[in-house]
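One chain, chain A, links the two complexes that follow: it is found with chain B in the first and with chain C in the second.
Our next item is the complex of A and B:
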């Protein structure tokens, strides 16, 4: 424990200016939010007529209370705790991520290293990549039903960033390295495992981190309909459109932000470990 | 390095298989006395029913007739069997609009045109050999993008009307009480908006004065609001809201002027209309983008109480017209048979959800979100 506190103390001592900067941006944002809300409510330091939009922009304090409330009690729409919503969303993100990872990395390596595979896959990728996941909602819900439908939407969001980064990484392997390995007698398998894959790993990891973020961006679309067992996206959508409890809606948005930070953070930790293990750092 | 990669791939594979199978296992469970529900857009309900994602659904017309006409489902119970004459869609006006210049007069004229359009529909529907009936069906086909069979079947189950009598008010009180019981809104919100009780709220929120003043409204030769049209809100393809389609149609009123124009009104669709659901339309009310709109009573009540959207109900648009559809050939012949089955609903605050809940509770069944 003392070792941990020492390490933490050392980290803070070395990085305090950046920590302070990070904190100040959050403080600045909350202050701006509070001022905007006070302006709409026409309360101190402002005065005048309350705006019709005031209820749509509650004070930070109200959102914090709603956030605590969502964990402490069941929500008024689906009568689930926030933990159930988080569990349901995490399940969708993790299954969607697992599928995207398993499919995008091999496909990306193949398309990046083989010109024929690239020529074959490119039109499909470029056609489907820009289609917003929201557009797929009705089709996926009917064709893939309630379990796989929402997952498929999250999957689309995660799949393309990983795929594109993997293709880019595999393509940009330094030809000098490849030639050098060949000269030293590397076979195709060695070339792939010892040159291409290690070189591409950082790109894949960037793709994963980007993809997880996009996956969370798709969660409201994914859970708008047919959200079995709830979900944070479902929570946000129903608080806004079903009952009009906007403080709770913002609380849901904060939960998504935190979950995204956590999942991307875990990916970052895995990345560090992976580099150490592969002897890259 | 070589071995490590294989180990890593093996670990990833195990994790993936583990997560997938755990998720599959956890997605199945059953309890006694429970009917499970899931939120589905009415437009997708027929698809969900035909693929077996759900065993039943409750929705408004034409989404009921959609499945019945195509043979995918049969109607287990109509909404009027659960609650006769239950309220459904209403005409809502923005308070800042009525308090604005000529707001009162324009609203009166709008309600007059709405009532006349509703009466025209009732007359047309009473005689299905009349030219007006054909005209109405054709307008509905265009508005809902459905064929004649679906539209005609749907008309058979909708009660168009405008009057707001005591049973209408008491039904709204019952709905509001149900929202308070489930915490969708609270007594604190009620008093925050200045209402002392549920009946006080409904008494204030439902304003019959425009309907009472109908006799005093006379047609106008000129358009009274040429430069500032009334911004009209309504929901996409909702057959319950046909009155606004009829009131905008020139043929209905002899071919020169629409019913809105007859009473001197310049009415145009609000930005964002048609809306996907009542919650979105109430958002547009709050933003001042809609002056007068057609929508279900629940979103109007909830968003008024919870988000303080300053609005008032000035007329009814229809009552009844929803149905519980079950999959054909599944042997579901009573509400009891729905135990452990999944029903799609348009959302937890909808009248359809409330009626389903009332009907199931009478059978000793509870409605819970599918997990």
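Our next item is the complex of A and C:
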């Protein structure tokens, strides 16, 4: 543990100007937010004016309190703790990610390496890729119900970034490495497993990081109309539409932001480990 | 049969290669003949674009010929295989593999037992002088060291011929000279047949038993020059300079022809 704090201290000592810059942008944002809500509430320093649509923009302090409340107690709609919502959403992201990964990586390698597979798959990919996952919400929730429906929507969001990056990576494989492997006796299978796959790994990792971000972007849409066991997206939607507790709604949005940062961060750590293990920095 | 009879390693007759680029047929090679004996060191030399690399790639099985006969020990070449090792100008090392595991790549594909692979790679690491760098990755090595790995990796499969495509082309002059000496040492230690592509006259005269000077495109053999200078060769010796002069004048003529053709096209 002391080793960890030492490493952390070293990081802070070396990077403090950038850390300070990062923090200052957050401080600036919260200040602007506070001023705007004060203006709408017609409170200090804007006590003179008549108040506007104040309820839609609560004070930062109110949102922070709502955030703490959501962890401390059950919410008024689905009667769940925030931890349960987080668990439900994480499960959806995980299952959606696992499905997307298992399907997108082999498909991407194939489409990137084989011209025929590329020509075969490209029209479908290009046709379906620009359709926002939101467009699938009604039919997925009707046809797949509230367990698989939300997962399918998240899956769509994660699938395409991984697929496209894998295709790009597989296409970028240095041809001289393929030549070298062939003169060393590599057959098609060896080429795939020992040259194309390791070469494409960094591209796949980029796809994963992008995909996870898009997955979280889809979570509200996925859980909008309801989901088995709640979910942060469902929490946000129900707080706004069912009970009009906008401070809680904003708290839910912050939770999604933090979750996305955390999952992408974990992917980044895995990536670093992988590169270290592969000897690429 | 005479026990000391030298056998033919590479036999090429009437080799031709036509590329199609932008619907234009480009004749890269036409009527190219070459015979390389077992254990021989032959350099292919020619003006750029004469197809010397293409010859090498066809022997390696990385490219298909358009016509003619290409045999290694009497077997017709149809695909790339571990019986012909190749060393690339770009080194072509796998960046995610260590020195040891780069060298063992071919052995891994042959599904050799790890202990056996270890023995072979250990011997080769010693041969090319990379002791202590077994677990280094290519990005930690200098150009010369990278090419040592490239040579060891190609030798690991114990190929019948070593094909080298301007292997020292991207090295600085000093390293290049050192690697040439190293290669001669490795060559005499292993007795491998080497076919070496270069555009450096100096390099060819320093290394080769015979120098094959190619014509400008379409590439044929213009002349085969035997280098009867005893090794170790001294670049400043009178014999060396004499051979060098002969090769240079042959090459210059081809270079001029290539230039004239280029100008005529414009």
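By our rule, the second predicted complex is superposed on the first by the 273 of 281 C-alpha atoms of A that agree within 3 Å, B and C clash if a C-alpha of one lies under 4 Å from a C-alpha of the other, contacts with A are read in each partner's own complex, and residues count from 1 in each chain.
Quick note on the criterion: a residue touches a chain if its C-beta (ideal position, glycine included) is under 8 Å from a C-beta of that chain, and two chains touch if they have at least 3 such contacts.
This one's a predicted model, so the numbers in the text were calculated from it and none came from an experiment.
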Exercise. Quick one: classify A:230 as touching chain B (first), chain C (second), both or neither.
Key: first
Quiz item: Can A:56 be said to touch chain B (first), chain C (second), both, or neither?
Solution: first
Practice problem: Answer with first, second, both or neither: which of chain B and chain C does A:278 touch in the superposed model? | Solution: both
Quiz item: Between chain B (first) and chain C (second), which, if any, makes contact with A:146: first, second, both or neither?
Solution: first
Self-check item: Partner chain in contact with A:194 - chain B first, chain C second, else both or neither
Solution: both
Quiz item: After superposition on the shared chain, which partner residues are touched by A:185: those of chain B (first), chain C (second), both, or neither?
Solution: second
Practice problem: Please name the chain, chain B or chain C, that touches the greater number of residues in chain A. | Solution: B
Quiz item: Counting only touches as set out at the top, which of chain B and chain C does A:246 meet: first, second, both, neither?
Solution: first
Quiz item: In the superposed view, which residues of chain A touch chain B and also chain C?
Solution: 194, 198, 278
Exercise. Would you pull the chain A residues touching chain B in the complex into a rising list?
Key: 52-56, 74, 76-80, 84, 91, 94-95, 98-99, 101-102, 138, 141-143, 145-147, 193-194, 197-198, 225-230, 234, 238, 240-246, 277-278
Self-check item: Complex interface listing, chain A residues touching chain C
Solution: 174, 176-177, 179-187, 190, 194-195, 198-199, 201, 278-281
Quiz item: So in the complex, which bits of chain B are touching chain A?
Solution: 1-2, 4-5, 12, 15-16, 19-20, 23-24, 26-27, 38-41, 43-44, 47-48, 51-53, 96, 182-185, 277, 279-280, 282-283, 286-288, 299, 302-303, 306-310, 347-349, 368-371
Practice problem: Would you tell me which residues of chain C are touching chain A in their complex? | Solution: 57, 60-62, 80-82, 84-86, 88, 90, 92-98, 105-106, 108-110, 137-139, 153-154, 156-157, 163
